[in-house]
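Shared between the two complexes below is chain A, which pairs with chain B and chain C, respectively.
On to the complex of A and B.
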């Protein structure tokens, strides 16, 4: 019944390993870029605020597919940007990570902004009364508390990111969805099994993430 | 902390000067990035007027490619929401059922379809239709895209419906029980009508997610929607990939921005003129609400 898995023709675990790697690098990247964007959006410099607002609203309303396809068609095929060269496999992977970061950073930014809203005004007022500047207030007082209150929303972003890595199939990154496309086309007598196997893989990836981070979010939440 | 300016003092003369310096540095950085991008584009001859002008001069560009593409996007999105709404409502009510043999399987189905990527469902539906039905291969991608979107979004809408019903105060159910309504009557005449108004913003935001996800069908299954037209346009107008993608992205942004603004306007309006007892479910980022939407603990027993 599962002989399509034993045939050695399809590297299911390898494909899911690519999915995990895509998720890992994109998660770190979007956390950093999203935090920077949030900093810009709440900062005192009007130009940075405007840039943050425009960036978030534009990118959030663009389909991820358009962004990922654009990284391949525009950056690589038209402008010849390879992000450190290598073979086409590595280039596709890095371009997909770039697109995923650009898209998901906007959601990280919005989650963080709502987290900043949960920090009581008195915290930053007290910090300012001590003479801390904006950057110090943000990094020493407000963000540490904000991060603790947005673990649950960030976990949702991470889960959405895990699922959205499948979009990288659109530019030929050999991750789980592309492998599934190949498998359902070749193994026409076992498409329900193929679907079940790949879907199971994603359930295994997303459900523990949600549970673990749900537990973490309860533990680290600031009691007010 | 709704007014974020509490994070910094009102700028004095020195802070104003410093902000000006930061602005200038940031502007220079942005300018450098833009200049580098334009330079790279000019290098590959992507700034040439004939690559961009068809979008302004040539009406065929719009009537033959962009508008039919946009209509296909809207068609898939509209079909998906029209089918997913009643299905999602049924699933949501099923999950609220007091019979465990109903709520348990429905809950499993909802959680399963929310945990897997929508692209998997599209690919699977495409192949399943090819094998088990005789749907014409011309329209098969549309069927596959709509199927994938319906399966995913019905389960998301089920959660929205459930949260909407749970957000109503328990007094509503108690009062309905006291006047002798049956469970189906309570749901149909008392809870759902109030929940629907609370859910509206979240539903409109879900429409944004659906519109964005139709692009997947174009890129992976070859459904002739807006993004898919980029390939056709570049084949006909001479490798103007950047121009075509820019215009397509702008159309998507405008469409979704309209929907997002409508959702937040709706939310504000419902909050202000609230006659029902329930809370308004906020509409932002439903794509990211994987966990059960937050419900006040005292809302309903």
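On to the complex of A and C.
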């Protein structure tokens, strides 16, 4: 039944490994960039607030496919930005990570901002009263508590991100979806199985993520 | 004790040893509500001033303007001879010298009691970790919660939390302590343990501005009572004078409501 997998023609594990790597780097990047954006949006500087707001609303409402394709066509092919050069495989991978970060950071930012709203205003008042500056209040008091309250929504973003890595196929990154396309073309007699294999692969990646972070969410919750 | 001595510090900006906090003609609005009206108030070093008044009279707002948690619309506030900075580093530095205790404790919920008391020392005063811990433990001991050092705030009773909050403020070696209704959120049986700590502070010579409804504390610990109503300071007097012989009708009315049931 699954003999198309035994032919050695398709590197399913290899493709999913690329998916995992895309997810890993994009998740870390999104978390960092999203946190910076959230900091801008709650900060005292009007220019930064404006930038954060415009960025989030512009990027969040742009289809991911447009962003990913733009990284390749605009950044690479037109402007020649390769992000540290190398072969086209490496360039495509890094451009895809860049696009995924740019897009998912907006969702991280908004999740985090809702988390910031759960931190009572007295917490930052007490911190300011001690003489802490804005950046210290944000990083020492507000964000640590905000993060704890948004683990579950961030898990949603991470699961969406995992599945959204398939868009990288649009610029030729050899991850799971590109392999699926190839298998669909070559193995039309086993088409349901091809879909089943790919779907199973993603469930294996996302289901434990959701369960683990659900558990973490309960563990780190701030008691008030 | 000459709390009412009106040295004219507000005119010359030179720091004077006597007057630690000077509010001169301070006004503030919340929208249409004129919440502080022409407030003049001078607090001498080592003085304990209790601010009382009906709710909505502006006493909490007054307390919060002194470390600029509330901005003011006009007037000047001097602390130790220096005008209150507008924003940024200067303001943060000044706030470090002004301890504040809130009605709702506001202990950092994600940090242990010990970490709460160490944080300001480490991040603002840049103290060494060992020195900060030692000081934190001795302060916790002083307010009687040394055995709770490793717990989180939510695991403590309200009275314990408020005493930790006092220790947290004291860890900065403040010049003046602001208390914004420190016992109003407490169960009755926990009020005294907090008031006792405040009594000790007062006896130790700390300059304190206390917004409270605890008339017993005002009587026993205050050098001066400031009575506020409708955004104005209506009366200032020694506790004895104020409670036994209030001059203004507003104060008489207020006292009759709270002292006789």
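In this section, the second predicted complex is superposed on the first by the 224 of 224 C-alpha atoms of A that agree within 3 Å, B and C clash if a C-alpha of one lies under 4 Å from a C-alpha of the other, contacts with A are read in each partner's own complex, and residues count from 1 in each chain.
Here is the rule we go by: a contact is a pair of C-beta atoms (placed from the backbone, for glycine too) under 8 Å apart; a residue touches a chain by one contact, two chains touch by 3 or more.
As the structure is a prediction and not an experimental result, all values here were calculated from the model.
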item: Which superposed partner A:169 touches (first chain B, second chain C, both, neither); value: first
item: Partner chain(s) touched by A:224 [first = chain B, second = chain C, both, neither]; value: second
item: Which superposed partner A:61 touches (first chain B, second chain C, both, neither); value: first
item: Partner chain in contact with A:80 - chain B first, chain C second, else both or neither; value: first
item: Partner chain in contact with A:13 - chain B first, chain C second, else both or neither; value: neither
item: Partner chain in contact with A:136 - chain B first, chain C second, else both or neither; value: second
item: Touching partner for A:126 - first (chain B), second (chain C), both, neither; value: second
item: Touching both chain C and chain B, counted on chain A across the two superposed complexes; value: 44, 120, 125, 128, 133
item: Residues of chain A that touch chain C when the two form their complex; value: 44, 120, 122-123, 125-133, 136, 140-141, 144-145, 148, 222-224
item: Residues on chain A engaged by chain B in the complex (per definition of touch); value: 42-48, 51, 57-58, 61-66, 68-70, 73-74, 77-81, 107, 110-111, 116-121, 124-125, 128, 133-134, 137-138, 142, 152-153, 155-157, 159-160, 163-164, 166-167, 169-170, 177, 180-181, 184-185, 188, 191, 194-195, 198-199, 202-203, 206-207, 210, 214
item: Chain B - residues contacting chain A, complex; value: 1-2, 4-9, 11, 15, 19, 22-23, 26-27, 30, 40-41, 43-44, 46, 112, 115-120, 123-124, 127-128, 131, 208, 211-216, 218-220, 227, 230, 239, 241-242, 245, 248-249, 252-253, 255-257, 260, 284-285, 287-291
item: Footprint of chain A on chain C - complex, ascending; value: 67, 69, 87-89, 92-100, 102, 104, 106-110, 119-120, 123-124, 152, 154-155, 165, 168-169, 172
